[in-house]
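First chain written, first letter: the chains are A, B, C and D, and each begins at residue 1.
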């Protein structure tokens, strides 16, 4: 039974990881930029909510309002990010990664200065702070529902709409898309904005699950990176599958073999890289 | 010395190279020609070891090397140049060639070398650079196109290969450059296999010519025979005379 | 219609086009012929802005295209069917055509009429198509932009003879469209083109109507054949 | 590379001047105990250790073209190995150092074996993940490492501040010398070759994966030596020593000093550690913000680092 609960926790965690990783993987697919500020964006969402509503439970409406506020913040930060990386387009991958890492430090340290360096956690909104089916926390179920809804919406947009088709085409062959007269730069900008907004949204969603603290940005960034290493770059399916897998590995690992949990993640990543160097859904280059 | 037997490479449904058998004798200078998509580059990559064939065997010096990785073939004496100059752009010309010399002498992984050996290597490097008319200290990334092509060859020569594979060495050269280049190649005494579009270069350099079309060998002979072959003219000019009034 | 003057370009340090000059009469199809590696692909890539011109001029009607980026050139009504087709691998036929479609006389239905076998595969992704179907999709994608100038780069490469014939019929039916066709397959080239240009070492050295070209096997032998 | 490009025909002469400068700097540093008080000497020893680790990272990133985002893991491996040796085996600092280096080599082989098979972004991500996983491992393996509280009760080295400073200086000088010699030797050139063009290296007969792995092992071993010094100086090591922040600090040193050189990051390392300590009372936790800003400024304005820029102008 407790194992089942843990597995369920893993699903909730996996959903959270997906919301975070999907933006990371698409920004990479379209811009060829590894956004190491993605973890800091997550943290920004969480701290924004903490600064607005504190640690006391609020009504669901207020919580949702804060989540929307975080989305707006994500859009703004995403705009800043795409302006910041533009001068470096010709400077190679390392410089771009280093820049986003520098921005991540600035952002997360700024947040820690504004709040403080202690541990904080958001409270689940009223109505979702109880438990269902005996003892399972209702908020985790809500995260699963929200995660699945976001995943579903993402899939629908990418796979069923014209906008999604344009994004996929821009990943496949941006040059040919430009040769059809499409403004590829605008598509890239939209994806950066959407990806960053999803990251800050994930920060609010995850607020009641993971403690807000110094170092949170790197921790979630690394998990999201492992997700896309495992799933394959620029693949939505890969991000989804990777997120669920890593969510389980991490949650079950920590519960069952706490001393080995870290190596378990490494082992999964190494195994996938050896077996399929481009990730489960990645493209061989 | 090099013997290909029924060599085949499939990409999906396409047979890029389709049962090619071919042998190159010691000291021969063989050119491979054919229209785009004939499979020349694929064949080349298989001989060099960069691609694993889907079928058939490659024999070098009487031994089956089909399964050997590229760097092991290089050590057995197969050297290649690349279709698009593939140099160490940030390193000097001398360092480019020195990497090849040290690799051949098995010194590439040594932590340190005595000055005697270093001088020895330097002398050898200078020799190859002189042969290809290049200066030592310029970074490879700053060379003109023709110079870069010559540095390609200098590096391959520094491997002292028994078989030298040249992949479109004259591509992008001016007529004057490619004529001078053909002269330089003619003076080498290595067994050569060369893929080249510039037919002037091919006929100036090659002792034998093999023509490939749609992955198959369609003609094989001396340059004179190839020039006269109706079959070769057909693949180059289209399927038939019927378009001519 | 299209006037190209003294066009030079290349990759990195390697110059490929040497003062290439040609004219395309409005509504005509011109075949660009030449041996491997003479710069035909670079020529169409430079027209499309995929390779930046070093110098020279590309005038389409009254517009100067040299120096514009690919998207701007596309906005001026140029479309390319590239070598190797480069269809979007993760988009279905239907999706590819939908995102390529602009206002004008070409509609998705009309593309399906031109290539019935494409209609049958409308739900398949680009990487699930055969070479011939990919070629048709690439052509359809270009046509939906209602191009003033259509660039075709070796459409017959790697295709079976029957498929090439079907392509030839389809392309011949585009009567009145301004086309530059790079081809190795002389059959297809003379079937589709009104005029012929031959390229040697990055420059145009020969021009003739297709009819004149067909009476002049010596020219073909000189510019395209093996003997010298 | 860009460096070897800039070395013109006067390479031999500049090598001589460089050796002289190195010797002079060494003499000057060795004389520091007669000029500085114990506190500053201790600080300088720490700075030198970080400088050495920055140089090892520059070897990997600049010379090897292998951009590691988790180099602090090697610091941690060296520090924990030295600390555990001190605690359970021997008080001999040299033996502790050797164990640390051996641990660094082992860790480099273990993780590098996977890492060098990846390219570009995968390498970045992989090293970042290795670094983070190392932190977790150090935190969670409470029985061995003391978990979050760090490895406590490490017996002191028994060396006084001056003697320890000389010991640290000797280790840094030798470590740095080894890096320079290896960079300029055949293996170092092969590593540069693998950075510039892997395909060509394979065609020349090199085992590229092996060459790349050698770069990781060299950098890892030298960094572990630096980690051992850090532990010996403070007789303490905790998971915070491995955190991404430390990797970032090392990267800033590399960027600031210029990734094409080894000496630049060494100097930047010493400078940054001293600067951090001097300003720590004034800035407090704002230091990390300063660090982030420094990082961003480096990427934008100093692609070649302070030293690299000067060299480019001189050439």
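To be clear about the criterion, a contact is a pair of C-beta atoms (placed from the backbone, for glycine too) under 8 Å apart; a residue touches a chain by one contact, two chains touch by 3 or more.
Labels paired with UniProt names: B, C = Branched-chain amino acid transport system ATP-binding protein.
Quantities reported herein were computed from a predicted structural model and do not represent experimental measurements.
*Asks:* Need the most distant chain from chain D, centre defined as the mean of C-alpha atoms.
*Replies:* With centres defined by C-alpha atoms, farthest from chain D sits C.
*Asks:* Quick check: how many Å separate the C-alpha centres of chain C and chain D?
*Replies:* Each chain reduced to its C-alpha mean, chain C and chain D end up 55 Å apart.
*Asks:* Where the centres are mean C-alpha positions, what is the separation of chain A from chain C, in Å?
*Replies:* So the centre of chain A lies 43 Å away from the centre of chain C.
*Asks:* Quick check: how many Å separate the C-alpha centres of chain A and chain D?
*Replies:* That gives a centre separation of 32 Å.
*Asks:* Taking chains as nodes and touches as edges, what kind of graph is this: line, ring, star, complete or other?
*Replies:* Topology of touching chains reads as a ring, each chain with two neighbours.
*Asks:* I'd like to see which chains touch which, written out pair by pair.
*Replies:* Here the touching pairs of chains are A-C, A-D, B-C, B-D.
*Asks:* Where on chain C does chain A make contact in their complex?
*Replies:* Residues 48-50, 69-71, 73-75, 79-80, 82, 86, 88-91, 95-96, 98-100, 102, 126, 141-142, 145 of chain C touch chain A in their complex.
*Asks:* Using the touch definition up top, name the residues of chain D that touch chain A in the complex.
*Replies:* 61, 67, 69, 114, 117-118, 120-122, 124-126, 128-130, 132-134, 136-137, 140-142, 243-245, 248, 251, 255, 285-286, 288-289, 291-293, 295-296, 298-300, 303
*Asks:* Quick check on the complex: what are the chain B residues that touch chain D?
*Replies:* Per the stated touch rule, the residues are 48, 50, 69-72, 74-75, 79-80, 82, 86-92, 95, 98-100, 102-104, 107-113, 137, 139, 155, 159.
*Asks:* Would you mind writing out the residues of chain A in touch with chain C in their complex?
*Replies:* Contact set of chain A toward chain C: 162, 165-166, 168-169, 171-173, 175-184.
*Asks:* Along chain D, where are the residues that touch chain B in the complex?
*Replies:* Residues of chain D touching chain B: 1-2, 4-5, 8-9, 181-182, 185-187, 189-190, 192-193, 195-197, 199-208, 210-211, 214.
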